[in-house]
Amino acid sequence: MSDLMPPDVERLLLDATTSRSRVLKNRLASIWMLGALLVAVVPLALVIGYVLFKGIGQISVAWFTEDLPTITRKAGGGMGPAIVGTLLITLVAALMAIPLGILGAIYLHEYGGKGRTARLIRFMADVMTGVPSIVMGLFVYTVWTLTFGLNGFGGSLALGCLMLPIIIRTTEEMLRLVPDELRQASYALGNRKWRTIMTVVLPAAFGGITSGVMIAIARAAGETAPLVFTIGAARNLNLNIFDGPMTALSVQIFGNAQTPFEAAQARAWGAALTLVAIVFAMTILARVVSSRVARRHAA
Amino acid sequence: MSPELAAPTEEVVAQTTIPEPVAPNVVFDVRDLDVYYGEFRAVRDVNLEVHQHEITAFIGPSGCGKSTVLRCFDRMNDLIESARVDGKILYHGVDLYDPRIDPVEVRKRIGMVFQKPNPFPKSIYDNIAFGPRLSGNKGNLDDVVEHALRRAALWDEVKDRLKKSAMGLSGGQQQRLCIARAIAVEPEVILMDEPCSALDPIATARIEDLMQELKSDYTILIVTHNMQQAARVSDRTAFFTTEVNSESDTRTGVLVEFDSTDKIFSAPSDERTENYVTGRFG
Amino acid sequence: MTLLTHDSGVAPGNGGDASSLLEPTSGRRGDSIFKIVALAAGLVVLAILALIAFSTTREAWPAFQQEGFGFITSSTWVPADGKFGALAFIYGTVLSSLIALVLAVPVSLGIALYANEAAPRRLRKPVVYVMDLLAAIPSVVYGLWGIIVLAPAIQPVYKAISGAVGDIPILGWFFNGESGRSYMTAGIILAIMITPIITSLSREVIATVPSAQREAAYGMGATRWEMIRAAVLPWSRGGIVGAVMLGLGRAMGETIAVALVIGSQAKITTHLFEAGDSMAAVIVNQFGEASGTHRAALIGLGVVLFGVTIIVNVSARGIVSRFDRRSQGA
């Protein structure tokens, strides 16, 4: 029996005669809980609904292939450069953050354990997940953009910084789930520690790591603030991530949302639909991968 | 005991760099072995010999350090930070704990099978091929895999599904897979740490038969809490028990008696051994 | 019964020559190199955090130097006159975040309890999925919806409420104003955004309540709500507080959605339906055209934001671990 049970509840439990008010309170509580769920579902439905409804009209082949229109207030043009920008910048960020994140997690779980350095790194990684994305953007602005100018790579650096702590923490959790007996079996066959990690531990944790990585990528793809300070604005397709400004879907939505022009706002909805589709696809894929891994472990 | 070495002086022992001479069929010569975890002495004063192509069993009540001693033979105790060893384990005359020795090399010659079967979540084929691939053997491993599976009495049951996951096998099959996996690296010795305790009696019987077949090619050390198993299967038996240290209120394992299995079970020299094998305690 | 054909295809090792064990091997270095590389990767985290603190402060220094403590105590922000007092923005950040908490916490807690205690088994997964989807929507999409759909739609509501209670003391202090883009709207959007994180963290904590506690309450004839009050809530209190604080941290750092719907007026007021501003929103709105000390001041706002969110985050984790009943062996 919990010794923290509120005295009035304790009294109620022992006193059966006031049952009507107890039943009433229970019912109110149930209404509250279910109501809370509905309250959360409503905005989700509204947002997704509007995005779908208002954005679908924009989607066409031209949407994916054409450059942004030169005159903002007019319709026409497409989001090609922004789509490419989002994918390219996020991809480069992932290429930097994934190896670093996985190696860092390997250090934390396979070598560091409970030591002071490991605990410090773990703590700081948690702190880093809470750093607002705008601060990451300002940070990269000060160390990269001021020196090397507006380009896609600055955006990748900022997004990579956002992804890194997430990948480290989720990968560490997955490594923890790999049973120690597998490592022992590998050592007993005359395998070194680093090769054990690469040939036994990582493959065993692969599904979970992939799922965590995809969630980190999905989050990064949707970010706006870090890109605003670092990638500039471009209307045409720029595939060179190191040279010259680029654009991205999130930045386009932000810019177009602030204009009073119908056509621009319509483009914003289209871009929102595209972005949400990309992000949802990755999130759902991540869930599918992780539930398949869970099923395999249960078997 | 080695006939040549009559009480070597300390100086001579310290200067010895060549393997110390032992009788040719003695694989391990354990001398005054103590195992510590930090300051705590877990096992003390172990002296025994392991002979080639024999099955040597460690028996005794739980907590007496049998597994601890077993894991010294392939330096698996190294994986525990605080573990420390005093005394010597001579493997064909070479002290396994010589600082020059790389434990990884030791484990290629002295393999281990664990209490709970632990196949890798890979295909049956890849499990067996894992060890040989470590040595850089990138060629066709089909023959190696087949021979290891035949030797472990598993080939007929899995030959049609080598590429399927090892996790789909039954417990007994998984354990034989682990034995095949250990065999595939061509060790001289196989250590078995309670290999049947997680298995049903039929699977256990199959593995006991397998051990008898394997000893013609390998030397086997087995830890078992089932003394009937030791009596059935082993050639020599070492009986361990625990002693209580009154001041620190801890228990230290100690080797009581080591002899041929027949002698241990029919006419043991020590009363503690007799009490254990006749079931009076433990 | 022989189980094997005597097939000596696999030759047992020739152990007679053990002296080769004493020869040095080349593989040992691989382990040390790998460990160092992995450690270096981990240290990158520390390096980045240190670098963030250092380089943003350095760039912001001119503004800090000029304003001194006035940077956070003065509410006069007039870049044209070179005045940078951020108090109004700090106030805006805090106010909008508090509104978000007031709205989000009852909802999040309700959902977390529903998912763990009241939902039929088949509904539990879908509830988690819904939360995941809510969390996955990028903040700029929430902002777009907020500025184009919510703000215009809710403005008449504000007008009506303000008309009804605007003159009544206490109520009138808060429920006053007519701007669709306002503190309140920002608070609403923030609440929608932080609900998933508070919900999922609370759910995790609630799931650790040992069934023995629940059974004890039921065994005494408790209704479900009484059981929750008796067993679940006391046990999860610390974790829930931690989850709420993490939500707070997230709300304070949120930029884009807030920038679009808060109205961008530097004004300290308790009227929730009036336009305001927040630190993050100001940074992103003014950065493009700022230069010199103005830009330094905006970066300075970023430094303040960095410091504040770190403090909130660290405190949250401290509270969670202090109250983690599992680790106390309770």
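Labels A, B and C are assigned to the chains in the order they are written; within every chain, residues are numbered from 1.
Here is the rule we use: a residue touches a chain if its C-beta (ideal position, glycine included) is under 8 Å from a C-beta of that chain, and two chains touch if they have at least 3 such contacts.
The structure displayed is predicted, hence computed values, not measured ones.
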{"item": "Set of chains adjacent to subunit A and to subunit C", "value": "B"}
{"item": "Chain whose Cα mean lies nearest the overall Cα mean", "value": "A"}
{"item": "Farthest chain relative to subunit C (centres taken as mean CA coordinates)", "value": "B"}
{"item": "Whole-Å separation of chain centres (CA-atom averages), subunit A against subunit C", "value": "13"}
{"item": "Whole-Å separation of chain centres (CA-atom averages), subunit B against subunit C", "value": "53"}
{"item": "CA centroid of subunit A to CA centroid of subunit B, Å", "value": "49"}
{"item": "Contacts with 2+ other chains: residues of subunit A", "value": "192, 195"}
{"item": "Residues of subunit C engaged with two or more neighbouring chains", "value": "27-28"}
{"item": "Residues of subunit B touching at least two other chains", "value": "104-106"}
{"item": "Interfacial residue positions of subunit B with respect to subunit A in the complex", "value": "74, 76, 79, 104-108, 111-112, 114, 116, 118-122, 130-131, 134, 167, 178, 181-182, 185"}
{"item": "Subunit A to subunit C touching residues, read off their complex", "value": "1-2, 4-6, 9-10, 12-14, 16, 22-23, 25-26, 28-30, 32-37, 39-41, 43-44, 46-48, 50-51, 99-101, 103-104, 106-108, 110-112, 117-118, 120-121, 123-128, 130-136, 138-139, 141-143, 146, 161, 164-165, 168, 192-195, 197, 218-219, 221-225, 228-229, 250, 253-254, 257-258, 265, 268-269, 272, 275-276, 279-280, 283, 287"}
{"item": "Partner subunit C, residues of subunit B touching it in the complex", "value": "18-19, 24, 27, 91-94, 96, 98, 100-102, 104-106, 109, 143-144, 146-148, 150-151, 153, 183-184, 186-189, 206, 209-210, 213, 216-219"}
{"item": "Subunit C residues touching subunit B - in the complex, by the definition given at the top", "value": "1-19, 21-22, 24-25, 27-28"}
{"item": "Touch list for subunit C against partner subunit A, complex", "value": "27-28, 30-31, 33-35, 37-46, 48-49, 51-52, 55-56, 58-59, 106-111, 113-115, 117-118, 127, 129-134, 136-145, 147-149, 192, 195, 199, 213, 216-217, 220-226, 228-231, 234-235, 246, 249-250, 252-256, 260, 280, 283-284, 287, 299, 302, 305-306, 309-310, 312-314, 317"}
